[in-house]
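One chain, subunit A, appears in both complexes that follow, with subunit B as partner in the first and subunit C in the second.
Our next item is the complex of A and B:
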């Protein structure tokens, strides 16, 4: 009966969401009282969807194939962790995960939002309920995860083998937490537009949510990138695949949103930007959901193509985004200008940041949608590949990265560029020195690589300029400097760390792109290949049964240039239930670099082996982790916490 | 019934929680709006001082920022006064209507979508699984023990003989069939089964005893097809093609036109008549040739996907035309210079001994 109770719980949550939406929009002016009801409703929705989700997980663990979803996507021999993660490794289950995270954020707003004005809280929760009702309705009526299958088959169809990986347990929940988290910013924007309460305090409430979602999204994208890198067996870490772009666009817009909200909170400026970005970021998340879930795109993310679902999501998309922009158009003219500032100022710099990021979103959007529209309207199928994105996106990001270190050093309202430049001389000199050193050691070739390195080092070192400046290192006794450094607000540290992480990622991208080496060869056991100073001995080849697959295993010994040796193992697996093959590459990490071995199909008693050497590739993800860490540090700053403004006031008034 | 009871209770609890939330008075929050706004503005004011001290704001700009803040506070206070009178509260009827709506919507919708009487069926608790998990090895061990005690148990041997064949214990199967023949009488079917076990046990070596048994079976029953098929197959294996052809024809003569072995027997006859080599089907070969040349022309003229190139190279390799395969592979590499794009093609070509850019890896 647990499955049916889960089904009922999801339906009850849907019903509560529908009534909350209607009640919230009708009575929001009654303030505190309706807010209390809606808060209770948000908590109930969370509990009920959690029950529904748990019922699905329980059915998968028990291999209850009377649940259609389990019969189609699970297998009794699958290891436990993949039985659980298999719940969201399909269209219906992933929608339940989406709704679960949506209501979890709604419940968090209800829990932490006690200090919010009642009308604003009511409108935020009503909008959250609207989204929950829309998505739960979509799930229940077009793709019900609780559909039953009688008589139940004795065995399930198993999960796509590519998805039978720890990545499925981590990547979707993180990414969804990012995607869906921005719904809170969206709901706050809608609430602000309806109530007309668009002020500085609003930005203070929104910023932690934007920061939290952005942190999750950063980790989710990085995790997805690393998963694709090690599982798909092509050694690529970013493909400009439409599905990747779908997650990257909200990230770019969310990054701009974070910076805008900061300005609005501190200087009461950039209001239109902040509201606009709140709407656009979540709209892009929805667009991503539409692209992935409608079956328009064929990829590992597309579990089922069903035109009805696509149309319904498109209608939801039009309703939510169209409604939001309609409200925006109604209200935009009444938005009061806030703090005044000169063109050269912190505010001005952040506008430049927004412009570049927004343009980058536009470029990626065009590159992603243009082929789809062309195909739909004219019937011509073209592909917009990596060259387009590398050129347009690279051209937009290079100038942004160039001016990035200036931003944190500029003063509010009216700034002194020359003064900021003087404080960055040290960072610039250090960046040039490192670039020349590396180019000299590695042999100079005519390419863009040294320029890329210079840019990466400039961003990385420039990130610390503000820390150096404010701690007065070198101009004060060391102890005093350290005391100042420790006493700096966490947001300053967070900014420095995030920008440093950006620089680290740039360095990783440049190094991998410029100096990657590749070898495709045929090897037999006992033979040896060489690449970039690494010697790869093919030791043995054999077959090994796994829990639900048969594996062809190739064992290699890698001798590094330094002489150390490591044993490693590359697999090709054939899954019993589906007969589908996967490759499990052997990846060995040396410092920040990796050696990547992939076993091809055995043919005529020989084996095709692909070997890549990827210098400093891990910096790409390491940088992303630093950025996410910066997000966490910023969230721990007392000043962003909604619940503790008094104590924060005391802290902030201490001399910095 | 139990389900509907639980569902109703859950709905009632949810509605009660909402009802009491509406009844709770916000006693501790006398004027939360103003309170929070004030604390926010205190923070902004403190922030201005901090920024001034850190050099993030000039003296004049800090003054301007304080002015802006003051104006904002005045504006908000004026606005709060205007909004206060514009309150729209909801009464008990609206609340009850909402709660009723939730109950009706949830229970009604579930009635529409759900299947309350379908029980859960976890795999571990299912009868089929229990039946399936009977261990064949354990059952055989048990029957073997019985047969050791009572070697004349015809039924035991009859059960265990096909099980041995299934488990590929051919010698044991032959022993079992021999015993059955001893205990009952030799029938063509039993003799054929024994011969099958003997031939499988002998592998490629062939078994004269099996052949004798099969001929005996065929002689005993002029309509016994299975023994004749085995004879024909064994003769073909032994490369006695003339006799094999006769045997295949003898078996085919018994066919009524819908036997599952018909196609195999016809092919066996063709092989035997052709001296042991499967004859090429000319019409089929010609069709394949046309398809390949059509694909080659299309790819040469307008290019194509890497999958189509792979198909062409594979077709040439199957036809044994290595030069054309190499040519097609070279063209494909020219069309797709990035190794990244060519995954399967490289695997196929390099595995078949073709060269990449003139150099064999």
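Our next item is the complex of A and C:
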């Protein structure tokens, strides 16, 4: 019964979305009145999709296998958390989650957007409704999650064991919140193009939404990376898999958008470009959805391959993106560029940022699609893998990171690059010192590692230069400096923290790439292995049943170089329902480094054990978390609240 | 991913049913050859997997290819000869880092072209703007500037 209720709710939400779209685009000129109606429509869509989503969750929790989706993807013995996360561990359910987040953002705009001009709000909500209608329609007509199965089976088919992990509960919702959040920027761009309201105020309204989405996307990607790292069993944390690229491109474009919207907000420049980025960022999210959902790519993310769905999503994609760019082409020529500036200025620096980020998006996009297109057009199969992306992307990021610390120190309009360089001398000296120290301690190699470290430290220390400068540390009594530091606008802190996080991530990547050590060996219980100063004793081996799997467990005692010991457990599971095996690595964290143990297959009565020492690897994700934290801090700044900004009290009126 | 792996021990065991990524029984006794084998393996695609290198994959085919790579190296092939041997058998698809040829030229020049194009566009826009810059501010720009100075926090 509740299944049908959910189905009905989704159909109703679809209908309301269609009406809102048509009504909104027809009557947007009547301003507040239609905006009010559409706001109620947005909230209603949210409530209805929430009901539909809840109905699915309820069926999964109750193991109601008369629901085809539950029968195909769930199992009564699965722990509760995986029953719930299993709702979106498949194509149909993940589409419902997508729509749920879409309407949640729509409702948020309706709730926070009261101060927006009525016509703009109406157009934003109409565009959101258009997206909801498109995706709800797609879900209802090509991938109905509420299909029943008669007779209902006694037991379900269970979820892919790789997905039975806390990662599935966290990674997709965060990632989708990021992807879908950029739909708000897209809708604002469409609304701006139709209504002609393309000005600084527009950028001010859009930037918090971009920041919020970017924060989610950052966390989502980092979480996905960590999940792949611990689950897939060989300790890789980024594979340049097309699906990863699909999530990374919106992140790069979104990062560019955050920076260009800043220029538009403060200086009324880069207007065409910012609108373009708003459209492109969400288009890349849609492209990601298409690549993943269409079955064009085979990967762990592709739950089902069905050509019809692929074609429908492609058509949706073409319609939405094509329509947006048509509008863009119509309007762009009428836009006048405001805000003049010299090449060396804050604006100039942000343009360099955008140039490199946009090129990186292009490079990743070409690398991801090239094999598909070449195969389709010429019939030649090639692979474009990690080595290509590492080279191309690395070559683009190195110069960007090199100039990054200068950006926040340059003044708007016209800046003094020598002055900025002087203020960075301290950071540069510190970076060189740290790099030399580490290289000396670790033994100098002829690889690129020291240069990478230097870059990482440079970005990390350079991030604080603006804080040091503005608080006049060293040039004032300490108390006064601290008072100034506390009084700085939060956006200044946010910028510093985000850039620092970037540096931290770079350091983690460089350290683990350059100094990772690995040992592949065979061990019997009682035997000992050694790696990078750690002693690993293989204590025992046994079999242990889990809730829905059988596990081969290996227990180890690790003795760290300092003498402390820890017990740990690595296992290899075979899931009862599917017979599929997974490995659960034992990961022990020492400081920022990790020791990663994986139990391999038995080999001639012994056990293959793989051990990696991954120095400073956790910095990769710590950096990402710092970046996300910076996003949150920025959002709490009174001047960049989500929704229309209220007239801030005349406080701290400095450029940020 | 690193090429600095030092501690890869040769166990000299015979092949058995092991199916995980690099098994001790595959490892060559000569550390120099083994590290070359690892480096080559990282650039070769496991043809039946999802975008994994044969060095990372636990598929049987990946294992066969790893063994094949090591056999060729032991037979005295250069790194490039080993890659060519696999390309002859499986096509360019096996290489994770595509070679520069007619088919991949566009791929390889894409990023430099984009960057160059972007720089050229910026330069042209800047030049055009500088010309306009000689003129005094338009009324619209003047107004924009004024409103900017009034906006709190801008």
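Assume the second predicted complex is superposed on the first by the 643 of 656 C-alpha atoms of A that agree within 3 Å, B and C clash if a C-alpha of one lies under 4 Å from a C-alpha of the other, contacts with A are read in each partner's own complex, and residues count from 1 in each chain.
Just so we're on the same page, a contact is a pair of C-beta atoms (placed from the backbone, for glycine too) under 8 Å apart; a residue touches a chain by one contact, two chains touch by 3 or more.
Since the structure is predicted, the reported quantities are computational estimates derived from the model, not experimental observations.
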First, second, both or neither for A:14, with subunit B first and subunit C second: first
Partner chain in contact with A:431 - subunit B first, subunit C second, else both or neither: neither
Partner chain(s) touched by A:212 [first = subunit B, second = subunit C, both, neither]: neither
Partner chain in contact with A:140 - subunit B first, subunit C second, else both or neither: first
Contacts of A:522 with subunit B and subunit C, given as first, second, both or neither: both
Partner chain in contact with A:65 - subunit B first, subunit C second, else both or neither: first
Subunit B versus subunit C as contact partner of A:40, first or second or both or neither: first
First, second, both or neither for A:152, with subunit B first and subunit C second: first
Subunit B versus subunit C as contact partner of A:370, first or second or both or neither: second
Shared subunit A surface residues [contacts with subunit B and with subunit C]: 200, 234, 236, 266-268, 336, 338-340, 489, 518, 520-522, 600-604, 608, 610, 639, 648-649, 652-653, 655-656
Complex contact set, residues of subunit A against subunit B: 1-5, 7-9, 11-12, 14-16, 18-19, 22-23, 26-27, 29-34, 36-37, 39-41, 44, 48, 59, 62-66, 76, 114-118, 140, 144, 146, 148, 150, 152, 154, 199-201, 204, 234-236, 266-268, 336, 338-340, 346, 411-414, 470, 489, 518, 520-522, 600-604, 606, 608, 610, 639, 645-646, 648-649, 652-653, 655-656
Of subunit A, residues touching subunit C in the complex: 200, 234, 236, 239-242, 265-268, 298-300, 336-340, 343, 351, 355-356, 358-359, 362-363, 366-367, 370, 374, 378, 380-388, 391-392, 395-396, 445, 447, 489, 513-522, 531, 600-604, 608, 610, 639, 647-650, 652-653, 655-656
Of all residues in subunit B, those that touch subunit A in their complex: 2-3, 6-7, 10-11, 14, 17-18, 21-22, 24, 26, 29, 32-33, 36-37, 39-44, 46-47, 49-51, 53-58, 61, 64-65, 68-69, 72, 75-76, 86-90, 94-95, 98-99, 101-103, 105-106, 109-110, 113-116, 118-124, 126, 128-129, 132, 339-340, 343-344, 346-348, 350-353, 356, 361
Sites on subunit C touched by subunit A in the complex: 1-2, 4-9, 11, 13-14, 16-25, 27, 42-43, 45, 50-53, 56, 91-98, 103-104, 106-107, 110-111, 114-115, 118-119, 122, 126, 129, 133, 137, 140-141, 144, 147-148, 151-154
